[in-house]
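Okay, so chain A shows up in both of these, paired with chain B first and chain C after.
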Partner chain A sequence: MSQLPQAITDGILGGAVYALMAAGLTLIFGVMDIINIAQGILVVLAAYLSYALSVHLHIDPLLGLLITVPAMFAVGAAIEWAFMRRLRGRERTAMSLLVSYAVAVVIEGALYQVFGANDVAIQAPYVNSGVHVLGFDLPYIYLIGAGLAVVAFAAIYLLLYRTTFGRSVRATMQDKVAARLIGINVNRVAAITFGIGVGVTAAGGMVFGATNAFSPNSGYDLISRLLSIVILGGLGSIGGAAAAALFMVTAEEVVNIWQPVWATAVYYAVLVIVLLVRPVGIFGKPEARSS
Partner chain B sequence: MTLHRTRFLSVGITAAVLSAALAACSSSSSPTGGSHAKSPVVIGASLSLTGDFSADGQAFERGYELWAKDQNAAGGLLGHKIVLKFLNDASSPTQAVANYQQLINVDHVTFTIGPFSSLLTGPSAQVAHRYGYALIEGAGGAPSVFATKLNNVFDVSLPVAASTLPLINWIASLPASKRPKTAAFPTSNDPFTQPQIQFAMARLTKLGVKAVYYKVFPEEPTQIKGIADQVAAKRADMVVLGSTAVPTVQGFTQAFIQAGYNPKIFLATAGPDQGAAYLKAVGHLNNDGVMVPNAWYGGSPNPQSKKMVAEYIAQYGGTASGVNADVAEAYSVGQVLTQAVNATRSLSNAKIIAYLHSAVTLSSVQGPVRFDSVGENLAATAFVFQWQKNNFLQVLPPGAGSAAVEYPKAPWGK
Partner chain C sequence: MIASGLRFGGVAALLALGIVFPLVFTNPAVTSDAIYTLIFVAAASAWNTFSGYSGYISLGHAVFFGSGAYLTGIATLDWGLTGSQVFLLLPLAGLVGAIIAVPFGLIALRVRRHTFVVITIAIFFIFQLMAYNLQSLTGGTSGLLAPTVNFAAATYNNPFYYAALVIAVAAVAVSWLIRRSRFGLQLRAIRDDEDRARGLGVRTMRVKLGAFVISAVPVAMVGGLSWYFTGLIDPSSGFDPLFDVAVALMAFLGGLGTVAGPVLGALIIEPAQQYFQGQVSAGYLFLMLYGALFLVVILVLPRGVIPTAAEQIGKWRDKRREGDGGLAGHRLAAAGAAPDRAKELA
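Up next is the complex of A and B:
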């Protein structure tokens, strides 16, 4: 039982990293009804950007976020403009799966061409060091990840609930047609929202790449987990994604103590049970939205 | 609520279509140069060009292509130009089975050679056996591959179960006061790793080394840190890690460093043998003292190996220490096939299977090859290698050509 507190600590810190990666996915769905299957490979792309800046230009990965966050925002806005904006009609959400999957395959292929198949990891002085507090090992990189998650979620909250743009976003989330009628530029809102959703993956990608060896193939495992997180939390719910991410990793860490081979199964069993009872997820809103 | 259920159903159907698309595979044929009057001989393999084993699969591809290029320059197989046909299995055993069925029944390849990892070799061998094809392979050394007693499987590499024996014998040779007292045995749930870890644990326990940790875990990114933290908390003198790939070793290494834990011996069953790929993942300061069992390394004095390594570096760059052991395993497959074809003067799978079962000793870049009745390489010699100051050195068994074991291993970050 003495391992339990450390497992819970690991779970919370690791869960914060996954929350950071899932925030953009659920934001994009919440505003646009688009399930961005490319979110996993975009996290990996962000990790490679941080890695390349670190290895080739010797820019610290944390400092490099000043470059990678705007770069990933631009990538997101470009994907929205080039592909997602063109999806229309009742099957828009389902079609977004296929389109974003195609985008993911293209990005994965490009990463294979540029970086090869071998795994790499981001190195920095704070990646392997940590602090020992009250008997707990707290690696700096996970503390940084948790800090970035808090900042990202606070920023998204403030953006949505304390700005004019946020009002436009929420209006678009509730009813796109009505939003258009009151003069909101829905296309601009969508592009910026998609950009923000992808931009936050820059931070998640940096932390993921510093805590895991990764390759262009890593996106598949990531997207399956990120999707399960946003489905458990409730598609479109930012807070739900955070709660579900913390639950997922903590549950796996705790089951790890006794039966590691069952850890993932236990999490997915909980997911299934929750969806049977509440198909929209823990924090999802059951009301339908206008397209 | 109904609208939502409909939407979820719609998403589910599309997701199913996506899953099918994910399983789709790509293929590539690789003509390898040279002019030959006879029709080409097509040799097929399923390779993990994407997916969890993509780094290994692509290294295998390079090894096969290097062999085919060399052999075509030497006249091909009985004067037939070699053409390689690879199908991507995306690291899936199911897809590997489908690929071998296609290679045999649709593409009508002359020979099949093996995929990467025991996980894929086992079911692939069943397909090849069904159609009377030999499956010469380089990465299917787990006991589960040989347990089916198929007569068509020939593993040119080291049988993995006893791969840690040089380390165990070396520990036994130490004075009792210098031997490690405790050991941890975390292992992934893979047919390649579990037999090695169970063998090592049983033998070391007999030597008086107390097993303080044994757990089987899936190599999932979300679980590795937790398992590694549990191991670090045990503060065992040595860790024998059952790993199949670099990310697992990187995850354990990082967690050990974060926890301030440096075992005296740290051996991983795979990962550290991947040369430059391993160094890039763990960093150039965090590999000193890490061990891995294998039958080959880039600095091998074997003349055939030296020639292959020189060709590899000329084509792909890097250093001898940076050459992935998978390249040599694949190259050895081609060499054994060449010798069997030349000896039988035939492209018949039946004749090649009979020949390889005749207890003949063949040569390869990995050393001698001689098969037993189930296709294990009885002539393979197990070595243990250790990273020392960014050099990959053979340290065990001790003797001519071996460097001294770094024991206890150097602290991390030095």
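Up next is the complex of A and C:
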């Protein structure tokens, strides 16, 4: 019976990292009305960056974040500038999905080309060790992941609610046209937001890569989980995404005790059930009339 | 009149070409590529019949492809069917696709736009997971192996080819009939403004679900055919996310919401895919090319080849016939460019 509290602990610590990756996804959606299907493969890309830095340059993955966070930020801003900004017209939303899917396919192909198809994992002294507290087994890497998530959430909160830039972001979220009219550079807001949304995958990818064996193919599994989380949390709601991530990952860990093969199905089953009852997700606002 | 005569002649010529193709090109490598191309003509047309007309972009049609493949595989192996008997299972595969589409549609079609796309992806992954985990039924990761087929070596591919041709022609014909019908008009009204369509008396849920179910049938049938021709299905090839991107890319390249667009897109992309896969051994470079092509299509030709070309031809005719009003040119351009006939309805 001690499995249950342990599973819940694992779920909350692991869920914090998913919360961070999902927050990036939902932030991008809130500002730009774009679902970035590439988020999953970008997490994998970030994991490979950390992996390559630690294997070839012997840079500790945690220290490597100083390199990977700006790198992923730049990748995100570049995707926004090169592709998303150029979409126009009525089908813009649908097209953004397909464009980000195409970006994901290109990145996946590139990762196969560079790293091959075999599973790898990030190694560090803190990956396979941990502490025992009150009978709980707490691996350091999960504690680090949860810590990074808390720090990143605090940073995003401060940025959104305590800075002028954050005010521009929130204004753009509320009404793009009005934001432009009062002099906000919406393109710049979009590029930086996309950069931040993708930048958080650097931390997420590092922890993901240290706790899972991964290959270029892992992006599909990740994005399907992340999409379920952001839909459940209500698209555009950062708090909703965080709550949904903690809930989903904990649910998966708990089901994993009895039904290891079907644990992943929890995500999709919960999603389907919730949407049958409440189509806008738990924290979502009712969808505006399509424009 | 001339335009419609030309169009009829073109369709007849294309059909004749399709019928004699394996008699002229007997090289099995060529007919094999042709079979996969026809499979995608059918799948892209069927996908477009729902997603192109209604504007609901489905990234879950691989569910029908995989289900059709698994149904055909399981039934063939359980009932010990051999040779051309297996082709008789394809309508059954189509029926199962339709049956699966009903609950799938009832869940997914309650939500719109992004959420709809994400739900289709989620349901897709549920099916993939089932294919992995229901090992007694699906054979798990090792999949289902098709029995060896004892067709004569020289014409081995022909039965597969003609089966694919029949499904492809039927899928395109259904797409054409729907586009001309009141039902098709209702679908496009939903695409343009669902709330207004409902206000005008379109039973939106029924119409969307009907189109979703219809579009599942050919996809499930080519899934079954694909299993028999390829000889193997496993969870990653049956429920392949790239399949969903491929059909969407084909429809977008040719022209979303047009009848000929997905056909043209499939005729361009699938042979290219087969060629490149033959050239690049690992297929990873191919993956990058594929994604890059998709990006170029969406950014440079967002409306697809056929609407863009029709618009250009229309403009050119207008210029030539400025004297007599240029109505014919307008008509042609309008017919190809997916006019908002739905708006006229409204």
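Assume the second predicted complex is superposed on the first by the 281 of 291 C-alpha atoms of A that agree within 3 Å, B and C clash if a C-alpha of one lies under 4 Å from a C-alpha of the other, contacts with A are read in each partner's own complex, and residues count from 1 in each chain.
As a convention for this text, a contact is a pair of C-beta atoms (placed from the backbone, for glycine too) under 8 Å apart; a residue touches a chain by one contact, two chains touch by 3 or more.
The structure presented is a predicted model; accordingly, all values stated were derived computationally and were not measured.
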{"item": "Superposed partners chain B and chain C on chain A - clash or fit", "value": "clash"}
{"item": "Touching partner for A:A104 - first (chain B), second (chain C), both, neither", "value": "second"}
{"item": "First (chain B), second (chain C), both or neither touched by A:L57", "value": "neither"}
{"item": "Touched partner set for A:P260, first chain B, second chain C, both or neither", "value": "first"}
{"item": "Partner chain(s) touched by A:L134 [first = chain B, second = chain C, both, neither]", "value": "neither"}
{"item": "First, second, both or neither for A:L271, with chain B first and chain C second", "value": "second"}
{"item": "First, second, both or neither for A:I35, with chain B first and chain C second", "value": "both"}
{"item": "First (chain B), second (chain C), both or neither touched by A:T93", "value": "both"}
{"item": "Touched partner set for A:L181, first chain B, second chain C, both or neither", "value": "neither"}
{"item": "Residues on chain A lying within both footprints (that of chain B and that of chain C)", "value": "35, 91, 93-95, 97-98, 101, 108, 112, 220, 261, 264, 279-280"}
{"item": "Residues of chain B that touch chain A when the two form their complex", "value": "1, 3-5, 7-8, 10-11, 13-15, 17-18, 21-22, 49-52, 54-55, 57-58, 189, 215-218, 220-223, 225-227, 229-230, 233, 245-247, 250-251, 254, 257-260, 274, 276-277, 280-283, 286, 412-413"}
{"item": "In the complex with chain B, residue positions of chain A that touch it", "value": "3, 6-7, 10-11, 14, 18, 35, 37, 91, 93-95, 97-98, 101, 108, 112, 116-121, 123, 127-130, 132, 137, 139, 211-218, 220-221, 225, 248-249, 252-253, 256-257, 260-261, 263-264, 279-280, 286, 288"}
{"item": "Residues of chain A that touch chain C when the two form their complex", "value": "29, 35, 83, 86-89, 91, 93-95, 97-99, 101-110, 112-113, 220, 223-224, 227-228, 231, 235, 261-262, 264-265, 267-269, 271-272, 275-276, 279-280, 287, 289-290"}
{"item": "Of chain C, residues touching chain A in the complex", "value": "55, 57, 59, 107, 110-115, 117-119, 121-123, 125-126, 129, 132-133, 193-195, 241-242, 245, 248-249, 252, 256, 282, 284-292, 294-295, 298-299, 302"}
